[in-house]
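Here it is, the structure in full.
Labels for the chains are A, B, C and D, by order of writing; each one numbers its residues from 1.
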Amino acid sequence: MVSVSAYAQAIVLLPFVSFVVALFARDNLPKGGAYSGIAATAGSLLLSLATLAAVYGGRTVNETFYTWAVGTGAQDWTLSFGALIDPLSALMLVIVSLIALLVHVFSLGYMNDEGEEDLPRYYAGLGLFTASMLGFVIADNLLMAFMFFELVGLCSYLLIGFHFREPGPPSAAKKAFLVTRFGDYFFLIGVVAVFTTFGTAAFAGAESFPHLAEAALGGDATVWTPGNMAESTWFTIVGLLVLGGVIGKSAQFPLHTWLPDAMEGPTPVSALIHAATMVAAGVYLVARMYGFYVLSPTAMGIIALVGGFTALFAATMGVVKQELKQVLAYSTISQYGYMMLALGSGGYVAAVFHLTTHAFFKALLFLGAGSVIIAMHHVEDMWEMGGLKNKLPVTYWTFLAGSLALAGIFPFAGFWSKDEILYETLIHGLNEPLLLIGYVFGLLAVPVTAFYTFRMVFLTFHGEPRSDLARDPHPVRWNVKGPLSVLGVLAVVTGGINLVPVKKVLGIKGIDVLHKWLNNDWGGIEGLSSHHYAKIGPYESGYLFGGEAATVIAGAAVSLTLALAGLALAWRLYGVADPAEHTAKLGQIRELLYNNYYQDEYQVRIADAVRDAASGADTFDQGVVDGVVNGVSSVSLLSSERIRRVQTGIVGNYALLLTLGLTTLLVVFALIGGWFQ
Amino acid sequence: MVPVEYYLLLSSAVFCIGLYGVLTRRNALYFLMSVELMLNAANINLIAFSLMWGNLTGQTFALFTIALAAAEVAVGIGIILVLYRNFGDIDVMDAATMRW
Amino acid sequence: MSLLLQATTDWAFSVRALAPVLLVALSGLAVLGIDSLWPDERSLELVAGTAVAGTLSALGLSLWYLASGTGQPGGGGAIRLFSETIIVDGTALFFIAIVTSVAAMVSVASYDYLEADENPGSYYSLLLFATTAMTLMAVANSLATVFVSLEMASLPSYALVAYLKTNRGSVEAGLKYFLIGAVSAAVFAFGISLVYGATGTLLLTDIAAQIGGVGDLDGILGVGILMIAGGFAFKTASVPFHFWAPEAYEGAPAPISAFLSSASKAAGFVVAFRVFAVAFQPALGVAIDWGLLFGILAVVTMVLGNFAAATQTEVKRMLAYSSIGHAGYALIGLAAVTADANPANASVMGAAMAHLFVYGFMNTGAFLFIAMVEHWGIGRTFEDYAGVGRKAPMASLAMAVFMFSLAGLPVFGGFFSKYILFLGAINAGFWWLAAVGAVTSALSLFYYSRVVKALWFEEANGSLDALDSKPTGLYAAVIVAGVVTLLLLPGFGPVIETAEAAAAALFA
Amino acid sequence: MIIEALLAATFLSAVIVFALPDEYAPKTAFGLSLVPVAGSLYMWATFTGSGNALTGGDIAFQTVLPWLEVAGYTFQWYVGVDGISLPLVVLTTFLTTLAIVSAWTPIDTRKSQFYGLMLLMEANLIGVFTALDFFAWFVFWEAVLVPMYFLIGVWGGPRRQYAAIKFFVYTNIASLVMFIGFMMLVVSLPINSFGLPAITQSLAAGELGNFYFLAPDALAAVAFAALFIGFAVKVPVVPVHTWLPDAHVEAPTPVSVMLAGVLLKMGTYALLRFNFTMLPEQASAFAVPIAAIAVLSVIYGAMLALAQQDLKRIVAYSSVSSMGYVILGLVAFTEFGLGGATFQMIAHGLISGLMFMAVGVIYNATHTRLVGDMSGLADRMPVAVWILVAGAFAYMGLPLMAGFAGEFFIFVGSFGSTVLPSAPLFTGLAMFGIVIVAGYLLFAMQRTLFGPFRLETEYELDRAPIHDIAPLAALLAAIIVLGVVPSLFWNMILDATVPLLDLLGGGAL
């Protein structure tokens, strides 16, 4: 029987092979490499499902399969690659490989059918992207995670900049890589610090860094800290350093600016980035090393606040966007903010739940948007659309399902997961005022989300067509409809994997499958379970209205009401035959929102300032540093010019100088020798 | 008997006179003659000290010096001759095309 | 095992001991004879061949003597002839080898240089007589023989510098050389007379013995030593008696510049080494700290020579100044001598001797390359040298070797000699001399690399068609010098060992 | 005797190529350069040394022969390799061969001289990395400069003469400073050998005496400073780096490859061998200023790169930045620090070689290197451009490429250094270089390689010929292999660097 570890490696290698094939076989491939990519990701998906089943059967994996480099002596660290297959990573493997497969299929319609050039490069990029993300998911240590995290960044660069012949995509790709690189800088310091502190970067096991950190705080182990810093402080710092990478990749405030620009990439790539790979990587990383974060209340608080703030902040910007994918981009930032909020407030399961549901409905929305874009001949402005509902029924209905999920409307998937996040934040926040701020942010974002989501839906699909393109859209084929249908179903039903409120209110046992799954009920790895996190975590639960069920109902009612309110407002304003640009009424605020709170501007200004400083340094270098070098040579040559003037060419002067020299020597040595005393 | 210090004073005076001539005369022949004076100052010393030490080394060497001085003048005159041919003068300061 | 085991006074023995000197002298006379017997025939091949044969045989003989231990501690000790006025020992043979090898290269190279000359016989006889005098300087062991041989070397040199009778530069150079030389000779003679006055003898070993008892005459001795030092400073082109050198080297025919700056300088140093090491070492504590004197001269000479060379526009004049700078390096060999520590003295002086040996090849080669350029007639400045590397790669490569070796790059022979010289100075306690030497060496790299730059990097300014002629003799001499300079890096061992042994014998 | 054979074969190849007519020189040089490649790979395959060559380890392929005996000192012909030098020898031979191939397009005059000099330089570089007697080493060390001087001065760009002389004089003066410092040290030791192991072991035994008025401690400090300055110029570190951009910009592509790829490593190799092996206590005492210089080099060098408009200047300054990491790794004096520094020498050698070569291929086609003169080249020369992109990402430290391995080893090694006070702070600051490097490379790539195609010079752009691309691909493959399997070199490097830690009692943690 093949080991689960071998499955894990094969899952990663399959898409990698498709990358290599696409890279070298190039033009000899059918469909530019799409088929090999589909085959590879389908294989990965099957193996992922098998892995999931294996984990369900209690067969988890935590083993090293390749030693990259080892130290001996004092720094006897092992830098290695290994697979950590537990309930969390098994679930994530399925999500990633499923979305990747669907994106590959969808790309047949979006890229091949649209006659794009350079398809092998595209599919090579997709393959590598998928492989990198899968490698990241199975990583059993922080270094390996970092390495694949970076590869994910590379692939996003390559894919966002796929249309390199236009000016926009290369610039967006550069920005995406650079901004996330800035976050990764902190991440890398974090990795280095983890190695230095614990001597290992393993996620799980007795010799893992979360475990050692726990032991150190409990006084059962000693670890290195810089300058004898208190361990708890140092762990907080390390956690925040790693968080830098998360903020970058998961597009949290203030490093979210790259993500909307990344819409320059082909739409299937956006789906992959937003739903399952790059952006998800950040949140997944926090979940992966959650056992470390929960040891630091400060770090948790910061995660929660950043997440909550980002959720609201990004949602507000989504309100005024005119382009379909831009709205989705901000919604992604906002939704990942929710996940961070959940993680920061102790809602580990809630975060993973939302990660799962979001993966499906966001992939669905992006692919739906892609379908619209195909239909609209690559026009993305929603004001050019309208009335597509009847022309693109499959797209419309699936898109609607996704939108309802995104808006958090009962009983779609998003409702369950978002509600659980808010619930967890609330019950923990009752004892922790900081979390309450996060909760308020999260709650306020709910109606905004519903509003912009349905503004998008109404503008795109409802009303009268507002352009010729919208009146006669390009039809889409099975390869577009198929993935949409799969995801549409998932967006509706995924909530069912974790019906916690139902359980709590009605007391039906066993319907909180995800909870039990992540609680290692069917097996898992010691120390990586939700109950372990809850045990060592900093939060106590509190309840309103005297009980758990009441709190659940109250929370759900509030958020659903707010969501419906937002939806209603959108219907009222945009659900008409010929909607007007109501955002104009917002005046100054619209400008502010439309310009993304001038976040890009200040970051550009920072970049400019750095470049100015660089030119200053260059001037300094050429003038002063090199000037000194050239100055030394000039001074030498100048003294040379002076010295050689002694040789006047007139022999009488020579005789005189010779005599003077001899006389001087005579006098000097007469004095020294005392000849004439 | 004249004390040897007197000879030394004399020779030094002759040497300095010769040196003075070297430094002030522009005419190549005067220059040569001044050098001869300096050499003769050495000869005075050699002979005087030869007497003082009571050996003939100094006197013998003085003869060599005189001979060499003559040879030197011979070469010198030759050079002065070609100097005159090339520069039309025997002013030693004139030949100053090479410098620095 | 010495070739010469007989007692001194024997004439045949003396002739054999002095055979290298006599061979050169005889070849000089032969050239003179050829020229006198057939005054109307321009027998360039014959006289050049005689000169080369004479110098090469003298070189071979001196090397043989050196190798077999003649005159050295291992072969019966120094051979003293003619009432000790002549000495044949390791130092003498070593310098005879330097002088004759330079003379041989110059003789070969002059063959092409004199192609159009009316009377090569006179040139070669002067050259050979000067060489004879220089070999005599190497064996001189009395102030009398020192003075006579030194003048004997100077007189033909004056004539050789002014050899191009219709060339104003040559004549001017000859005049300046002669005038400064005459004054220096007078100073030198006066100094000898004073030393004689203080010690009553001219024999070097006797002077050393007498110095302890000079008493009140220490002032006279001191002035005498200072003036003798002046005489040597002239011969070696050291400050402040160096003024003749830039002009003489620039104005003279380039082979003569090579000869003067290498052989004549080496000869000046050998007498200086011998006189100061043998005769005046005891005076260090009595009359004058001549170590300090040479230290000052060394520093000033190194600085002036190297700095003045840095901004020259003519290659030959640059080399002239660099030659002055190298005199400064060699002076360290005298400056680092102290009254007691004998091993260190021998070591540093031996290093200076070895440096002069290497210098003899690399400097001669450099000047002979200039002779080649003069032969082609493409000009004298750095700009005129532009692009020569393309047309004459072998010669230009050799020139690059000379330049880098002169600069002391560790790639060639010049590195070891300079390095061991500085190391010797440090070991003897004179780190400041080594420091000045190192700094000026660094500067020297700049101006030496200018030549390489001009030859190889720059595009030719004008036509270089003249380079199509390949002067065989010049080429041969330059290539030989280059190969030897290169081989002296791996093969430096015998040179330094011989030199150290010879120097140790001087101080024994 | 394999080292002697390697040196002899390379010198002989140089002579042969010098003597060949121009039209045969390029391919013959390539063919002959495969001999040292094979030789070095054979050495690699049969390497059996262990420990550090200087501290008494088992030296592989060792030869000791007496050479000269002067002034009481013995000079030897003493060569051998350990885990530090062998990878550098392999790097040298490998890179030289590729550089020779990359010269086929751009070098069209005086070919036999060019290739002869390249081989001559290779021979001397092998000598530098294998010599274990100071004098043999020093001769090779300086002998490298001479071919380089000619290669820049004869085949360089418009300001080649200035650049060549500046390079030559600057680095030679530095050598002189280093040489003086080293001599002060050696003459104050009670040994009569210039063998580097003997000197190291004598120093480690605390046998250093006075040098005139300098007490042993002061002497060691002065000597350390002199050695550091001497090698720092070669590395180069800020503020003695200004010769480098001039040299790189003027040098033809293959020469830049050698300069950045191997010659800079001479400086760090010597720093490791001399400063950090022979005088570890001084290295520890000067740790803070050296680390400050390292950080300054990283950040300032990267800032300078950011300001450049010439692609080659960008890569040149980025070398300054990357070599700063090496210094940081050395000064940390930990296992991963020293090992990482050595590994980074190899990694940077390959990566900067690739970058210079790729820029060269672009220059061959476009005849410009100015960022503003072109855009969208990916459209016309895709293979070269995408390899350049890969190289740029390697430069940025992309995982699973050699640069990441080197940098990560250094960072992880230096962060917890006990030798360097405030090590986390210095490491953290230096690491910011990975952001700036991404900044300038991405900006430059975006403007030149991507966007709509535009070219200001009047040349037809063709796909690069295969012999331009092949060395790029070979380098990229090597970079990836080394990034994925660093243990190819890492184990032997560690084997040779770990003994050094004993000199300071462990170094880390």
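The working rule: a residue touches a chain if its C-beta (ideal position, glycine included) is under 8 Å from a C-beta of that chain, and two chains touch if they have at least 3 such contacts.
In this text the structure is predicted, and so the values were computed from the model without any measurement.
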- Task: If you tally contacting C-beta pairs, which comes out ahead, A-C or B-C? Let me know.
- Result: B-C
- Would you mind checking which chain's C-alpha centre is most distant from the centre of chain C? A
- Closest chain to global C-alpha mean, per-chain Cα centroids: D
- Note on the structure: CA centroids of chain B and chain C: separation to the nearest Å works out as 26
- Message: Using mean CA coordinates as chain centres, what's the gap between chain B and chain D in Å?
- Response: 65
- Task: Quick one: report the Å distance separating chain A from chain C, using the average Cα coordinate of each chain.
- Result: 78
- Task: Can you check how far apart chain A and chain B are, centre to centre, with Cα atoms defining each centre and the answer in Å?
- Result: 98
- Multi-partner residues of chain A (at least 2 other chains): 633, 644, 647, 649, 651, 655
- Task: At least two other chains touched by the same residue of chain C: list those residues.
- Result: 175-176, 179, 183, 187, 246-247, 308, 312, 446
- Item | For chain D, residues that touch 2 or more chains besides their own | 169
- Task: All pairs of touching chains, please: list them by chain label.
- Result: A-B, A-C, A-D, B-C, C-D
- The residues of chain A that touch chain C in their complex are 633, 636-637, 639-641, 643-644, 646-647, 649, 651, 654-655, 657-658, 660-662, 665-666, 669-670, 672-673, 675-676
- Message: Residue numbers of chain B touching chain A in their complex, please.
- Response: 19, 22-23, 26, 92-93, 95-100
- Which residues, counting only chain D, touch chain C once they are in their complex? 67-73, 110, 113, 135, 138-139, 141-143, 145-146, 149-150, 153-154, 160-161, 164-165, 168-169, 172-173, 176, 180, 183, 187, 212
- Task: Flag every residue of chain D that touches chain A in the complex, lowest number first.
- Result: 166, 169-170, 238-239, 241-243, 300, 303-304, 306-308, 334-336, 339, 376, 378-379, 393, 396, 398-400, 404-405, 408-409, 411-413, 415-416, 422-424, 427-428, 431-432, 434-436, 438-439, 442-443, 445-446, 449-453, 486-487, 490, 494, 498, 501, 506-509
- Task: Over in the complex, which chain C residues touch chain D? Could you list them?
- Result: 347, 351, 390, 393, 404, 409-411, 415-416, 420, 423-424, 426-427, 429, 431, 435, 438, 441-442, 445-446, 449-450, 452-453, 456-458, 489-490, 492-493, 496-497, 500
